[in-house]
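There are two complexes below, and they share chain A, which is joined by chain B in the first and by chain C in the second.
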Partner chain A sequence: LQTLHLGSCVIITNLQKIQSEFSEIRDSVQANDQNIDFRVLRNAGSLQDTEPSDRCCLLRHLLGLYLDRVFRNYQTSDHHTLRKISSLANSFLTIKKDLQLCHTYTTCHCGEEATEKYRQILSHFEQLEPQAAAVKVLGELDILLRWMKETE
Partner chain B sequence: HMAEDSPGLLQHVKFQSSNFENILTWDSKPESIPGTVYSVDYKTYGKPEWLAKAGCQRITRKSCNLTVETGNFTEFYYARVTAISSEGWSATKMTERFHPQQHTTIKPPDVTCVPKVRSIQMIVHPTLTPMYNADGHQLTLEEVFQDLFYHLELHVNHTYQMHLEGKQREYEFSDLTPDTEFLGSIVISVPTRLKESAPYVCRVKTLPDRTWT
Partner chain C sequence: DGGEALPAPQNLSVHSANMKHLLMWSPVVLPRETVYYSVEYQGEYESLYTSHIWIPSKWCSPIEDAECDVSDDITATVPYNLRVRAILGSQTSAWSILEQPFNRNSTILTPPGMEVSRNGFHLVIELEDLGPQFEFLVVYWRRELDTKEHAKVLRRGGIPVHLETMEPGAPYCVKAQAQVKAIGRNSAFSQAECVEVQGEALPL
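Take a look at the complex of A and B:
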């Protein structure tokens, strides 16, 4: 288990399990990403380079993006991939609930930095057609996991 | 004669990475097609430009060292090979997305096993990678993988082994029988990356006990 330090919001999660589940579908998902000149989760928007007090809010938004517009929109006939996506979605939902608790106890403040960084990520995301965006950002899940890992 | 695609000309374009030494390799079918030359390009995921790898343009061998060009272990890369045969056939193939920190395998550690009368000391030497940080400091595996640790075993006999584990570099197995041979085995483990090296093995004999002779 890993402890993520997101300002005064501290949560425990099993990144290793998520990493292991994603690694089973990573190569096939990334192979479907036709536009390798373009990246949505860029280093400038990373969690670890964000003010600690804003990290919780940024992560909550990112998890929401994955839950609402990536896992839901990813189309495949491959059952193994679908099972893995479902499992990843459950893991993200659990983390999001923990962040929601922090939000309830006002330790998940959305400052200017988090708002601006998420706005940029969203604008990159929306430059692509929805299905292509879902494929690309699912393929970038290892980037998000590394951002989360580096808040340990 | 326009170059046309020929699948057999080029196959299995992929990175082989060990301790962040990143080598691009490929095959052809049949094994060798005389007169075929290969050219390598590489790029960072998310950036538009492909860059030609100097030293790997119009080569006849089937490998190219891209360690320097893929030296940022947090980045994601692609490489591609273009093969052109003497009859004008051509083929271009690209690797999967390559992430050094994810894809590299870990070599066995370098260890010195020091026998004493009733113990065996094991000193693990740091493994340097071919990567440097912004200050020009050469990075070790421990600096790249924060959760790296060592797992040591001493095989006493067929049924009994002793185990030690940790992040430090010096270990000692004690309370051993003098003048006896033991087999030591040491691996590097990186749990969050689900990586483990092959073992470094040392066969070592404790010194004879001369205190009462």
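Take a look at the complex of A and C:
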């Protein structure tokens, strides 16, 4: 298990398991990406160079994006991929609940920087069709996981 | 085929011990027929965000037994809905859904099986291999007046581990507890097991 330090919000999660679940479907997901010259997460700098106090808010928004608009819109008839996405989604839901607790105890403050960074990500995301955007950002999950690992 | 609907499986329940989760139900019995079953699951994410989606179980879509190991399906510590239906040829029954969602944090954790032995003067323990989600807290001490306990965390079972080099003259005792960080819970400690090295206690 890994401990993520997001300003004064500290959560414990199993990044290694999430990483290994995603690695089982990464190639097939990225093979479906028709917009290979387009980036969503990479352009927005990293969680690491976000103010520590802002990281919790940015991560909460990003997880919300994955839960609301990535896992939900990713279409597949392959049972193995379906199972892996379910595992990722339920793990992200668990993390989001922990971040929600921090938010409740006002340790998940949304500063200007986090808000702007997320706005950038969203504007890139919305330049693609919903399903294409879901494929793109699911394919970029390594970037998010690396961001999260950097806060260990 | 009398055109009667295939009955749905009844009495669904989950028996979970040491992170092994077994979904069980009453079999559908039809004379001279082999009935199969299909199991599907839904994590909390699916029930909240995509409630129409059910995912075929990894090992039981289909299966002949009236039970299904869903351990590989239940991969997060959130409530899971589970459902089963019967299959006979092209006929399928209605779905039966587990009454209460199952969360793996309710699994029963038993004290780990262990083998305490001595190899010459070495105190050795081998713990039951319960799978990758388990760690073990091992506590050991030399049974004498001012007993001082020592503790060691072992990352896995199934391999012998050296705990201590013993001195003759007093037994050494060991007990162990299983720990599952994914659900933040521990088992009770096992019964203590003691071994002793024969011979005189060495003069100080």
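Here, the second predicted complex is superposed on the first by the 149 of 152 C-alpha atoms of A that agree within 3 Å, B and C clash if a C-alpha of one lies under 4 Å from a C-alpha of the other, contacts with A are read in each partner's own complex, and residues count from 1 in each chain.
To be clear about the criterion, a contact is a pair of C-beta atoms (placed from the backbone, for glycine too) under 8 Å apart; a residue touches a chain by one contact, two chains touch by 3 or more.
Quick caveat, the model's predicted, so the values are computed rather than measured.
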{"item": "Partner chain in contact with A:30 - chain B first, chain C second, else both or neither", "value": "first"}
{"item": "Which of chain B and chain C A:82 touches, first, second, both or neither", "value": "second"}
{"item": "First (chain B), second (chain C), both or neither touched by A:90", "value": "second"}
{"item": "First, second, both or neither for A:8, with chain B first and chain C second", "value": "neither"}
{"item": "First (chain B), second (chain C), both or neither touched by A:107", "value": "neither"}
{"item": "Partner chain in contact with A:71 - chain B first, chain C second, else both or neither", "value": "second"}
{"item": "Partner chain(s) touched by A:38 [first = chain B, second = chain C, both, neither]", "value": "first"}
{"item": "Common interface residues of chain A - those touching chain B in one complex and chain C in the other", "value": "none"}
{"item": "Of all residues in chain B, those that touch chain A in their complex", "value": "43, 45-48, 74, 76, 78, 96-97, 99, 101-102, 146, 191-194"}
{"item": "Interfacial residue positions of chain A with respect to chain C in the complex", "value": "1, 12, 14, 17, 21, 67-68, 71-72, 79, 82-83, 86-87, 89-94"}
{"item": "Residue ranges of chain C touching chain A (in the complex, touch as defined)", "value": "41, 43-46, 48-50, 53, 55-56, 58, 61, 73, 75-78, 181-182"}
{"item": "Contacting residues of chain A [partner chain B, same complex]", "value": "2, 15-16, 19-20, 23, 27, 30-31, 33, 36-39, 42-43, 139, 142-143, 146, 149, 152"}
